[in-house]
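Heads up, the next two complexes both have chain A, just with different partners, chain B and then chain C.
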Partner chain A sequence: MRELHTKLKSLFPVGDLTEQRSNLGFVTVPQEHLRAVLVHLRDREGFTHLVLLTAVDWLEAGQFQLTYLLSNRTAGKDLGVRVMLARDGATMQSIHDVWPTAATYQRELREMFGIDFPGSPRLHEEFILEGWNDIPPYRRDFDTLKYAQENYSERPGRVTHDPAAHMKQKLNSGGN
Partner chain B sequence: MSVRDLLSPFAAWKNLFRDPVTIIDPLNDRPGAPRYRGFHQNDMDKCIGCGTCETICQNGAIDMLPVDGIETKQGDSGLRPRIDYGRCCWCALCVDVCMTKSLTMSNAYTWVESDPDAFRFTPGVDKKHWDNAELGYHRPEEHQLMAKVRLPMGEMEPETRIESFAEIVNGYTIEQARLEADRCVSCGLCVATCPAHMSVPDYIAAVRDGDYERGLKLLYETNPFSGICGSVCTHKCETTCAARHDGDPIAIRWLKRHIMDQVTFEQCRDIVGGPRPATGKKVAIIGAGPAGLTAAFDLAKLGHSVTVYEAFDKPGGMTRWGIPEYRLPYARIDQDIDVIRSVGVDIRCNVRIGKDILLDELHNSYDAVLLALGLQLGRATRIPGSEHENVRKAVDLLRQATAFEDFGPPRQAVVIGGGNVAMDIARTIARLQKKEFGRVQVTLTALEDLAHFLADPDEVKEAGEEGVVILDSRGPRQVVIENGQVTGLKTWHVKAIFDEQGRFAPSYDETDEQMHAGSMVIEAIGQMTDVSILGDTLTEKLTWNRGRLQVDAGGRTSEPWLWASGDMVRGPDVVSAVADGHRVAQSIHEMIAETEQPK
Partner chain C sequence: MKDELKIRVVKGPDGVEFEVEPLKDYYCEAAPTVMPAAYIKVVEDLFNWARSESIWILGFGTGCGAIEMRPLMTPRFDAYRFGVQWRPTPRQANLFVISGYLSTKTLKRAIRSYEQMQNPKYVIGLGSCTINGGMYWDSYNTIKRLDDYLPVDLYIAGCMPRPEALLAGFQDMKKLIRAGKAEGANLYAENFEWYKANQKRVIHDWDMPDYNW
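Coming up: the complex of A and B.
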């Protein structure tokens, strides 16, 4: 893994290597170099398989983190390539022409995080959220509870009690 | 065709002798993974009904409900979570946040019913086949959402603090207070335990938000002695804190103190808001301690004219004359009391009832009279030799120390008692000895064994650090007097404090006798009220209950014009006295309102 990292570093401005396990590592690359790094890894280093593409919302830092997890099946090694994007108007180049399966992940990320991948096939078709009417739900500023309360009715017969108020009534009634 | 191609079919033969990877009965025999987030389990022995699961649930799937057979008691709301599986998404946040680890998830995941309401159930109460499943999701240690450890309170080192009466603890910084406040889940289980029912979760939230004005307002809603309580409250609330089940309880007392540390006297005064329009009704209160002054504060805010008579030259009662300065600086007492004065309470010091003014005069010129005398008299051991002049009462010495009177601190002292007052006098004597003689020589003997001391564990620990020798399970037998001088105390080992019926009747091992040297013996075994001011006639008229004045729930005695509150009717600490002051003020106010109504 270190060898590979050294080699990548000589070719691209990649960041430090985080080795989670001996056969699993992560590197961060600047947005504009991602495509070149992925193609190099696929064609020269045997990372022929895109395992997944996912995102993390670093709300406080104003960034999205994309992780392209690649696998070299013959060597039994996985490498995660990370890209940090500005959260405002988040846009990333599509890689559906590098791995056709990426289109599906990109469609999901567009729906769940609101990240745009211009040119990606069927990007704006609904993926799993039919009739969604709010900000993308995996964004951390999405208030799940508020959404649930506003959009879904309660089953009749539900009632709840506040512990402190309940104890006051049970234990302290008659007092102040 | 290669040799390999010829042989490979035979390679498959070896699988004949292996167990198949397919599941033989896939409909019935397919358990969830070991950490599967399946149906909920709730251990009824551990659940305290704190409702944090309900609060964290992002789908609004959890309700807190009373359950037959589960009682509401201190530290347990008696409520239990009911989950609506029509909403649950099995994210397991409820399991991760659970304060007692009672809530877990089994690895069961199939459940068929025709009634949709059946999927709304109370785990642990509604019996399910997965209740005893061992596999499933249990919170791993690294998923702890709340910090377990309390932010340590900075305090002076023993070597330094023994040199003076300067306050020991520093109080939290803003950063420390926020981190500590962040540990609170706002369940509110503590509110019922606090005698004054202070709105603890709300003022802790104010600390978290850095909104000290809001915090201060919340404190004054229930407790005009918040400055004092922030330092010396017995903080029973912390014994029912949900956080104590898996970590340290929240430092509730120190967070209250932090609010008071961050505000000025002017802010306090503005928040309580000055005197109210007068009703023309007059109330006299005897005793300017926490109970009397709390009642005075409430009644003055309601517009009644309140006069407080205090025998000593400064108000504060036991908070001033009992608690040493290193625990509670006098400036903090003065500030709380000045705020109480600002609503129009008239405090007259150096007025002794029965001497400077008669109780009868108060009865005649006021609409109501409240006794809040406190416990000013020290109880006596009555052991042989205890009538000697160098056998003293702790309360008397503490009072003298506060007044800076020189009572001749002994080079070597023996204290009898294991409560907070015993610790207070032992540590006060230790400081005086250090100043006068350069060394501490105090022995403290208590009936209780160390695990059952009545004093706060912190007090016992700190007294030990300051050089007080603490001996537990020792019963006082005799004060030894030689040539007219006290030379020490003889004690026996205590076998048991209570008899089989649970009555106080210590039994001793007389073969285990010890002599503790000292030129002064100090009794700190409890206090009582000086009821002599009531006079014979009134004492005869009033109803008593085992030596205590009998009062109703509102603190009213058998005489309709006379109320009693605080330590003299129910103890034993500042916050209980504050709670009692509120109760009695309410009762007096109701009486006044009733007499106003034309019938």
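Coming up: the complex of A and C.
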């Protein structure tokens, strides 16, 4: 992993390596270099498989983090390439021509996080949600509970117990 | 409205062009009607006995509970010994097991399937999710109370209920049918407007006919 990171660093302005395991690491890449890094990793370093493309909403920092997880099957190594995006009007270049499977992930991200990937096929078709009429539900400022209470009728009589307090009362032993 | 439901001109194999109005030509516009009981109680009882012994389940798994139905089709639990079997199409089924949580997207398909089933028909809600939302009580995309949208005859509680619970549920269902208490389809016909209003409240892109049979 270290060697790969040193090699990458000599070619692209990549950030520091976060080593999760000996065969799993993460690097952060500036948005404009992502495509070059991915193509390099695919064609030169044997990372031929895009395992997943997912996003994290850093609401406080006003950023989205995209993670492109790549796998090198022959070497048994995984590398996550991270990109930080501005949260307002989040737009990212599409990589559907590098890995066709990315189009599906991008469709999902467009729907669930509202990240735009111009040029990605069938991007604006509904993917999981139908007739969605609110802000994208995976954004952290979307209040799931409030939406559920407003939209879906409830059956009265539902109670919630704090597990610790409830068991204490049930066992009647003062929690010892 | 979906493109396939719009009025369009179709050219037949003989070259003749004709107009198709899918909502009128492919679907029946009449709302469901209440099925009256037989003219005398003893005959209705006989009918109900026959109905209770002929349960055909629609093989439509809506949530994780669908996985509990598979073992019932195997020798280990063998639901077939109770005269219960699964069918691949709503037209051939009379019992709809809503097996777990229903997202609004699946609810749309469930409504269509339910309406395509022929009378007499019954609905079983399986698992906590159909009763009060279960672990999906705060989900942005699942309904919490099935009987607002479809007429439920019987609930089987649990998360998830084991196949044995389902077998017991089928036996209870039979008792209900035999006692003439499984009147869900008639309830649906009687309160059709109310059910439709509830359904349309959660399905924001209503792009199908109001009644689908």
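Methods note: the second predicted complex is superposed on the first by the 155 of 176 C-alpha atoms of A that agree within 3 Å, B and C clash if a C-alpha of one lies under 4 Å from a C-alpha of the other, contacts with A are read in each partner's own complex, and residues count from 1 in each chain.
Criterion: a residue touches a chain if its C-beta (ideal position, glycine included) is under 8 Å from a C-beta of that chain, and two chains touch if they have at least 3 such contacts.
All figures in this text were calculated on a predicted structure; none of them were measured in a lab.
Q: Taking the superposition as given, does A:G131 touch the first partner, chain B, the second, chain C, both, or neither?
A: A:G131: touches chain C, not chain B.
Q: Taking the superposition on A as described, I'd like to know which of chain B and chain C A:T144 touches: first, second, both or neither.
A: both
Q: Which holds for A:P163: it touches chain B only (first), chain C only (second), both, or neither?
A: first
Q: Examine A:R2 and indicate which partner it touches, taking first as chain B and second as chain C; both and neither are also allowed.
A: neither
Q: Determine, under the contact definition given at the top, whether A:L171 touches first (chain B), second (chain C), both, or neither.
A: first
Q: Touching A:R21, do we find chain B (first), chain C (second), both, or neither?
A: neither
Q: Using the superposition described at the top, list the residues of chain A that contact chain B and also contact chain C.
A: 144-145, 148, 152, 154-155, 157-158
Q: Can you list the residues on chain B that touch chain A in the complex?
A: 49-51, 54, 57-60, 62-66, 72-74, 77-79, 84, 86-87, 116-117, 120, 187-189, 191-192, 197, 201, 553, 579, 582-583, 586
Q: So in the complex, the part of chain C that touches chain A is made up of which residues?
A: It comes out as residues 104-105, 108, 131-133, 137-145, 148, 198, 201-206.
Q: In their complex, what parts of chain A are in touch with chain C?
A: Residue list for chain A touching chain C: 128-134, 137, 142, 144-145, 147-148, 151-155, 157-158.
Q: Which residues of chain A touch chain B in their complex?
A: Checking each residue of chain A against chain B gives 144-145, 148-149, 152, 154-155, 157-164, 166-168, 170-172, 174-176.
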